[in-house]
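Take a look at the structures below.
You will see two complexes here that share chain A, one where it goes with chain B and one where it goes with chain C.
And now, the complex of A and B:
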């Protein structure tokens, strides 16, 4: 099976190259048989990548340690579940996995569109096969998962313990789904440029793909936060680490694109801008894959980096940039704006502001991530910026964005009248100001936190009122009860109302971020029977009493477990444990934190230091002292709630409409008129 | 044309605002990333450099760790990763990361005192591409 997988990769490369050439040539010469052959190549490459992936999984399940990749990421004792996830646990397998997902999406796209979008499809399959060929080159020549060792070790090195969790098995695939799904809008954008059909058609065709990509990216990022929070054990969920930043970048630009595309659909503006955003986002998905899997940034000082991979990736990204820039300049005549912005107080301006700010944030994050490389190039000296830089830049940016999530949906197109502004914003501003005042009275002093909660209240008021007004109007005109009017309202314009629900999710997540300003942390060294007390910002007092350490052998590891009984405001609420795990395959221990999560605050327990591990292993009663870090993280759970709300909203927006509605949405002008009327009333 | 000018003004305002945030942010938070040798060279030519917060990527000298686990006070020596020279002691209060090992690579952030002791505010362990095994690790 594994050998078959390796052959499959070698066969897939020439097929995708040939298919790509046929696609572009068939599009230019309009030769049907070439196009058909190119489209079939997509299916064949997908089938071959399935075989290759199955081969990798088989090599893990069969403990074939003669393969370098298996020997480095697995061992005999590893649970079957994690052996399967070996496909994406390391660089080599995950590049194959990336290609597999892309081939899957390519095949689905070809199946769905080969009738409907004849003029685009040759180029679309050409673009897909080009990207696939690129990944196959990387895999075959710089990171081959089927590379053999000169000998077959008796056992492998095992998987990094921190990857052996549930979150880590779903976090990378989700992100990769997001990355690869964005290739679809990119392929259509290039096809539109090549074919010259630059009206709104390609936008409408790829709308759901863009949303789906955005949806997976958002969830992938949130899963990553969850993993960091539960597994890395330092109490937070985001550290502005280069790898984290890499996943955030395409999400920021994809968010910008999701919004600016609405201006093009409704007002025929920003065509060149949208084209550039699609290309930029695609490049950033490739860049993210590259950064995550090459160790470029962290490795600068001392670590082995894979030079060939860097070279191949940079060449590809340079090539894509050059070709796409050339195409956009070539077609600039058809990318002219049909309208102009008439006023700063208009929905166009609000959306454009949102775009500029998102791009500014992306630029700042990219700059900060690459800062050590840039300064080394310029001054020969590495200078790093840490999390404070990213926070200082992105918090103000984030607050403006948050305000725009409320303003954008209700401000009028073209030019907002004074009446429109007064009518829509008086109540929300009052509620927001009220929230700030209330918090000030309650003793809140952190400016950013106050602003976040104030703006959140402002945005929520706007969104709730929109839902209420829409439902009420519908129930009046169609004589329905409020619940059914609400459901009908949402299902009739899923993208709009789904979008508003996403905004609610974003507000919740921002509020959770602001909760960090109330974090509490204490550190105590405790012998059994001793307790530590910690007071939360919500006024609760937690008392933790050390019950002692126990140790035992488990599959793959030796564990030391600390149990602390916990009381909240004097009432017993149970036991919280935190562990040190000594994996047989890793030299260093890992910490499993104990988390007691509630709606408003998490109590987060870290077993920081066990003084005498050998003593604990011997069950020596004198060796029971340990040091704990105890944190109270307010509102963390709201990130996960916000993520759920966002998921619901995005799914509502993505869900296919009934067939009749779909025909109607192909005519964007009609939508524009309707929305303009709605906004003006 | 007037419309276009207005649009450009809008772009400029956002660009300037983001640029300003980045400039001040970078100025206030950037730290030099040095090797022990580079740090020593800087300090000997410019003594005021002691006041700068720096990050030093170094290797922990085997056998140098002195741990007071009750008060969480640690002292260890570090050296240049490549050459193994230029040693100096590091003092740190707080829990060391799980991945800290003697002879392992660390990034210490803090200041070097007059007496030559580096007072670290944070100690991070370096693990290149965090979850990848380096090829030579297998050879060992």
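And now, the complex of A and C:
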């Protein structure tokens, strides 16, 4: 199977290249057999990549340590579960996995659209196969997972202990799904440019793919935060690491695109802007993997440095940029706006402002990530850029964005009247100001935290009132009960109301970030029977009493577990444990934290130091002293709740409309009505 | 030039630490006597210093999570200098003088580093000004090209207004 997998990769490359040529040539000459051949190439490459991926998994399951990749990322004791995830545990396999997901999406796209979008599909196939060929070139010439060692070691080096968690099977695939799914809107954008059909059709065709990509990216990022919080054991969830930043960049630009595309659909504006955003977002998905693999920036996530890979990626990104820029310039005449923004106080202007801020945030993150390189290039001096820098630059930008989350959806199209502004914003402003005042009275002094909670209250008031007004109006006109009116309101315009629910999720996540300013942290060295107390910012007190250390051997590791009984204001609430794990294949131990999570705060226990590990292994009663770090992290759970709300909102927006509703979509809505009025003016 | 300025800063800070009355007021302690959780200066300094073990974390965080020999040693040095009565700014300056600016979690606000802090805001402001200018220019030019596109009767106009009012109501 493994040998077959290697052959499959070598066969897939020429088929991708040939299929890409046929796709573009078939589109230009309108020769059906060429187009058909190109589309079939997509399916063949997908099948071949399935074989290659199966070959890699088989090499892991069969402990084929004669392969460099298996020898470096697995060992005999590794659980089967993690051997399967070896496919994306290292650079070489993950590139094949990336290509596999891309080929899967390409095949689904060709299947769903080959009859509906004949004009686009030759070019779409061509674009997909070009991207696939690029990844296959990288895999075969710079990072071959089937490269053999001159000898077969008896055992492998094993997987990084921090990857041996169930998050390993969730977080990377979700992010990769997000990265690769954005190739679909990109392929259609290029197809629209090449075919010259630049009306809104390609936007409608790719709307759900864009949302799906955004959804996977958002969830991938939140899963990564959860992984860091649970597994890395430093009490945080985001460290502005270059690779974290790289995953955030396409999410920010995709978010901008999701908003600006509504302006194009409603008012025929921002066509060139949207085209540029699609290309930029695609390039950033490639940039994310380039940053992880090129060794350009030092990161805890980085794979082994490989300059060849860096060169191939840069060449590809340069080529895509040049070709897409050329195409946009070529078609600039067809990309002119049909309308213009008439007032700064309008929904179009608010959405454009939202786009500028989102792009500004993306630029700030990219600039900060690359700033050490730029500084070294300009001044010759080496610097490091960490969270203090990113927080200073990005928090103000984030707060403006948060405010626009509330302003954008309720401000009127075209031109907001004074009455519209008063009607929509008086109550939210009062509620927001009330929240800030309440927090000030309660002792809150952190300016950013106060602003975040104030703006969050402002946005939530707007969204809740929108739901309430919509439900009431529907209940009145259709004589339905409120719950039924609410459900129908949401299902009749899933995109709009799903979007509002996503905004609620975003507000929850921002509030959770602000909760960090109330963190509490203590550290104690405790012998069994000794206790530590920690006071919550919500006023109650936790007491943790050390019950002792136990140790035992587990599969490929030796564990030391500390158990502490926990009481809240004198009332027993259970036991919290934290572990040190000493993997047989790793030099350093890892920490498993104990977390007691509630709606408003997490109690976070870290077994920081086991003072006499050998004594613990001997069950020596005198060797039970350990040092614990105890944190209270307020509102952290709101990130996960926010993620869940965001997921629900995105799923509502993605979910296909009922057939009747789809027909209704064709009927001009508010935007079109206003257009007519504008024309009449 | 920048290096010269930095050396001068360190020198001034060292002189200040020796001559400042605060130095005389702080009694000498042992590093162990400084409880990092009771003395906020420790966290303040350590959260600005980057561990060089490859974790990319600050030494306050790293020493409590990673099995790293570098961050505990740096922390001991911080506490020792504080115990000796050295000012926090001086402790930081000493680390920078010894290890360069890569030891800081964020570049100091000086010289070219200002570009790092300010450029994103300048870029956003410039984009807003340019876009606002474009909108203003186009909105001045636009009325001439529009207006007679659709012939709408007064009755249709009234119906449209009523529909819009209803939509506003629904929204």
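The criterion applied here is as follows: the second predicted complex is superposed on the first by the 653 of 681 C-alpha atoms of A that agree within 3 Å, B and C clash if a C-alpha of one lies under 4 Å from a C-alpha of the other, contacts with A are read in each partner's own complex, and residues count from 1 in each chain.
By definition in this document, a contact is a pair of C-beta atoms (placed from the backbone, for glycine too) under 8 Å apart; a residue touches a chain by one contact, two chains touch by 3 or more.
Please read these numbers as outputs of a predicted model, since none were measured by experiment.
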Q: After lining both complexes up on chain A, report clash or fit for chain B versus chain C.
A: clash
Q) Should A:236 be classified as contacting the first partner (chain B), the second (chain C), both, or neither? A) second
(Q) Taking the superposition on A as described, I'd like to know which of chain B and chain C A:522 touches: first, second, both or neither. (A) second
Q. In the superposed arrangement, does A:611 touch chain B (first), chain C (second), both or neither?
A. first
Q: Please indicate which partner A:473 is in contact with in the superposed arrangement: first for chain B, second for chain C, both, or neither.
A: second
Q.
After the superposition on A, what does A:197 contact: first (chain B), second (chain C), both or neither?
A. neither
Q: Applying the touch criterion given at the start, work out whether A:71 contacts chain B, chain C, both or neither, answering first, second, both or neither.
A: first
Q: Look at A:90 in the shared chain and tell me whether it touches chain B only, chain C only, both, or neither; answer first, second, both or neither.
A: first
Q: Tell me which partner A:160 touches in the superposition: chain B (first), chain C (second), both or neither.
A: first
Q.
A:568 in the overlay: touching chain B, chain C, both, or neither? Say first, second, both or neither.
A. neither
Q) Among 45-53, 81-89 or 153-161, which stretch of chain C shows C-alpha clashes with chain B in the combined arrangement? A) 45-53
**Q.** Residues of chain A contacting chain B in one complex and chain C in the other
**A.** 233, 298-299, 340-342, 344, 349, 352-353, 356-357, 360, 363-364, 367-368, 371, 381-386, 388-389, 392-393, 396-397, 523, 588-589, 591, 606, 608, 629
(Q) Taking the touch rule as given, give the residues of chain B at its contact with chain A in the complex, in rising order. (A) 3-4, 6-7, 10-11, 14-15, 17-18, 21-22, 24-26, 28-35, 38, 55, 57, 69-72, 81-82, 94-96, 98-101, 105, 126-138
Q | Footprint of chain A on chain C - complex, ascending | A | 2-3, 36-37, 47-48, 50, 54-58, 61-62, 64-67, 100-107, 111-113, 116-117, 119-121, 123-124, 127-128, 131-132, 135, 138-139, 142, 146-147, 149-150, 152, 156-157, 160-161, 163-164, 167-171
Q) Can you list the residues on chain A that touch chain C in the complex? A) 232-236, 239, 241, 298-300, 340-344, 349, 352-353, 356-357, 359-360, 363-364, 367-368, 371, 375, 378-379, 381-389, 392-393, 396-397, 410, 412, 420, 466, 469-470, 473-474, 521-523, 588-589, 591, 606, 608, 629, 670, 673-674, 676-681
Q.
Looking at the complex, which residues from chain A come into contact with chain B?
A. 68, 71-73, 89-91, 157, 160, 162-163, 233, 243, 293-295, 298-299, 301-305, 340-342, 344, 349, 352-353, 356-357, 360-361, 363-364, 367-368, 371-372, 381-386, 388-390, 392-393, 396-397, 523, 525, 580, 587-591, 606, 608-609, 611, 625, 627, 629
